[in-house]
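The data blocks that follow each hold one structure.
One chain, chain A, links the two complexes that follow: it is found with chain B in the first and with chain C in the second.
What follows is the complex of A and B.
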């Protein structure tokens, strides 16, 4: 009897649904949810923005500050940003209960102060990136605070003085 | 090149442009394309798809690639036809190869190449799209929005379109069944309501090679991993990137896990359509184990997101292997009982036996794929015919039925569930060590490759021409694209009550709730009936 067969399965299985949200959700240890950006670690380099497939991350430059914005409404939870982040500032959380009545709640921002070239005053990049570069590579700070153009000309001048050509 | 293949290629004539391990590109003049297609179709080649490419920047022509799969030899023969820019016309091969119907119309819509010697109509573009604007031409920007053209009298029959255009349905499509009393006499299909221009998007500056897998994964909500793997395989083939063996095994394991979930989903839906909701719920309960396993292996229940060019992002460890073995053993045991119960119900048998029959010759002419082909007596399985990834290393059976009815398609899928479980077991046993991804690779522009994967619904084909930083052209042919035209043959002459099950029996990948417009030929009365399936 076919009905007896399915009854047997049903009786043996019992109830399988959970009383979510009154019980914890069924998540495995590998689950990927929304990402969180640690503002104290982020440099504002933009590597995450470049890799993000749905453009959930954006970097805007107002001239005074650079803003890294994460819009969870576009996020596909692939976690590629965390993988490419050189500062290890992005963490993939297990958060998935993300709905909200306001669009603003779906956005989070990291605001970076920008530095200017000490010689010509044009924009270099974020202070945080400058600090991390000085910390991690053998570059003198007087060079690091220059924009690439001024840095080049300063280097050329110094080199020419040393080898004694083109000096006025 | 094997001798058998060489003979066929020599008979076709034309210039052999490129010979690769599993692909041969032959350039032929427009005048002989029809005879060449006939010859290939008679030499047991199946038609995979055709691709239109705007290659004017490269060689000054529009190019059409007709991809034929010589299943018995595991080789794709690609006919390349050049179409001049000033006179974009070529001859159609539909009279020889009926399966080429849709892709020719698609090329005509998107690239503006006219096909002589066949009936033409608009297939992909919406009715309000202006004439003479062809989105796949390179001068058309990916984010361009041409102004709408309001056309009067779009439909011959007056009426307010309700149902298929319903805003709440995310994958709508539209069938018109013409009935005499209770018998279906003809079927008209109108699809592509959700054409998203993904192929155009992937070749736009908005995307890079590394990002496209995530886009590809979103082509389908059920078998997304198939698409991302297939895209990556095509790119890796084109650029000769050697993927680590371990990555290939992991991809194969995840592909089979995906097949398990897809088949269990379909079996549940089929039970539901037959009015057997207890079976539906139990099939989906069993499927839930597979979903949890998928999340544990990849990080997500669906759209796994672990595929990158050169390998995978997540490795397997002892715990994951252990969980995989436990889950598939449990699924096997529970599914066996359920399949037993399901197939012993006399009402299910009587609803499925002899309904929606697709004969072998019709199946052959339309080059149908997957369980639909295997239920109609065609021995076709990409995993066997063109062994890819780790499938050459495992042994499994390909279920084959000759009846071609709904029951045969149900049985093929039921048996494939057990075969998939066996494949996963073997793959886990054979899993080699080593790394799972190569970081360093180079993708030179101008290379071509065809990749195919056996998706749960049949053969999925991706064709890639590499460009700078992103694909120059990326063509996707999902299995349902090949199978929907077969519905016409299946539905003709069947009672109306069997139509929902028959439409669902090809496991179409388009909609959660379908609606069918029924037109009674004698009275002209119209009514909607509801179809349900997952999509």
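What follows is the complex of A and C.
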């Protein structure tokens, strides 16, 4: 190709170079960036942790509190956590300027307080999950604050009293 | 040379940073994004960034992939061959945290473990910038290099929130 021809093409095309970071990036509507967990909506149920392919999400239970940790450095931006979240607490953002000089800055945590069974004192689960269960299903709060084992025995006792075989 | 004045060195290479592309077993998507960043469309030569063919000429290594066992000795040798200051950009979710291969037998799983191995081998790394993405966008690579050079501010920070009671 002659230089005249190249010049002709170059003049016709004009400047194509993007000026980023001095202009907005080229983000399409389909682009998925980092996810954001809304701490006021999250229950701490762990569904997102189960589905996350690279284990970028982790739920740790220290006995006093449960911590949902999101490590964006390992996230593959698949959006599956947002799909499975029953509380719709996860939002897929378009954030991609995630560079950091330390790994610690790439982590975000949501800390949940845990509740204990009001009868036997064993661990039930997070306060937020308990609240949303009481709100969304026809379960009395006196049952909801029990662990599954105590709930079963309490229900069996109540049922047996009703049909007249109970001892009380 | 055991220690380098990193601030002075960064100032000296700010307008002409030479990069070497080191693939440690990535799926190739991150590598294609690096090539994208080098095209006239994104034109990283605006910032004096230039691709070189040998780590001996490089100021910065663009490290992609989760570092497979097979590539580990070569990666260590390539980083060792760099002159000081050794700057590394760990690219992609593989480079930063091992990605979906973080706990497989055939990879060492991300930069953190590589850093330990480098230290054991007496190879000091002066500065690392982690650039998440799968794959990393060309803009994210540009942003990462500019963060390393101190041109842009870091946006992410550690967040810890207690779930609200309402």
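Everything that follows uses one rule, which is that the second predicted complex is superposed on the first by the 157 of 168 C-alpha atoms of A that agree within 3 Å, B and C clash if a C-alpha of one lies under 4 Å from a C-alpha of the other, contacts with A are read in each partner's own complex, and residues count from 1 in each chain.
One rule holds in what follows: contacts are C-beta pairs under 8 Å (C-beta built on N, C-alpha and C of every residue); 3 or more make two chains touch, one makes a residue touch a chain.
Just so we're clear, the structure is a prediction, and the values are computed from it rather than from any experiment.
Contacts of A:128 after superposition: chain C is touched, whereas chain B is not reached. Once the two complexes are overlaid on the shared chain, A:96 sits against chain C while remaining clear of chain B. Applying the stated contact rule after C-alpha superposition, one finds that A:51 touches chain B and leaves chain C untouched.
Look at A:26: by the touch rule set out above, it reaches both chain B and chain C.
Contacts of A:77 after superposition: both chain B and chain C are touched. When the two complexes are superposed, the chain touching more residues of chain A, out of chain B and chain C, is C.
Once the two complexes are laid over each other on the shared chain, residue contacts for A:18 go to chain C alone; chain B is not touched.
After overlaying the two complexes on the shared chain, residue contacts for A:64 are found with neither chain B nor chain C. Once the two complexes are laid over each other on the shared chain, residue contacts for A:108 go to chain C alone; chain B is not touched. Once the two complexes are overlaid on the shared chain, A:162 sits clear of chain B and of chain C alike.
Overlaid on A, the two complexes show chain B and chain C touching the same residues of chain A, namely 16, 26, 53-54, 76-77. Interface residues of chain A, counted against chain B in their complex, comprise 2, 5-6, 9-10, 13, 16, 26-32, 51-54, 76-80, 83. Put simply, chain C touches chain A in their complex at residues 40-43, 46, 93, 96-100, 102-103, 110, 112, 127-134, 137, 139-140, 142-144, 146-147, 152, 154-166.
Partner chain A is touched in their complex by these residues of chain B: 207, 210-211, 214-215, 218, 278-279, 282, 285, 288, 292, 295-300, 303, 305, 313-314, 334, 337-338, 340-341, 344-346. Residues 16-18, 20-21, 25-26, 34, 39-40, 42, 44, 53-56, 71-77, 95-113, 126-128 of chain A touch chain C in their complex.
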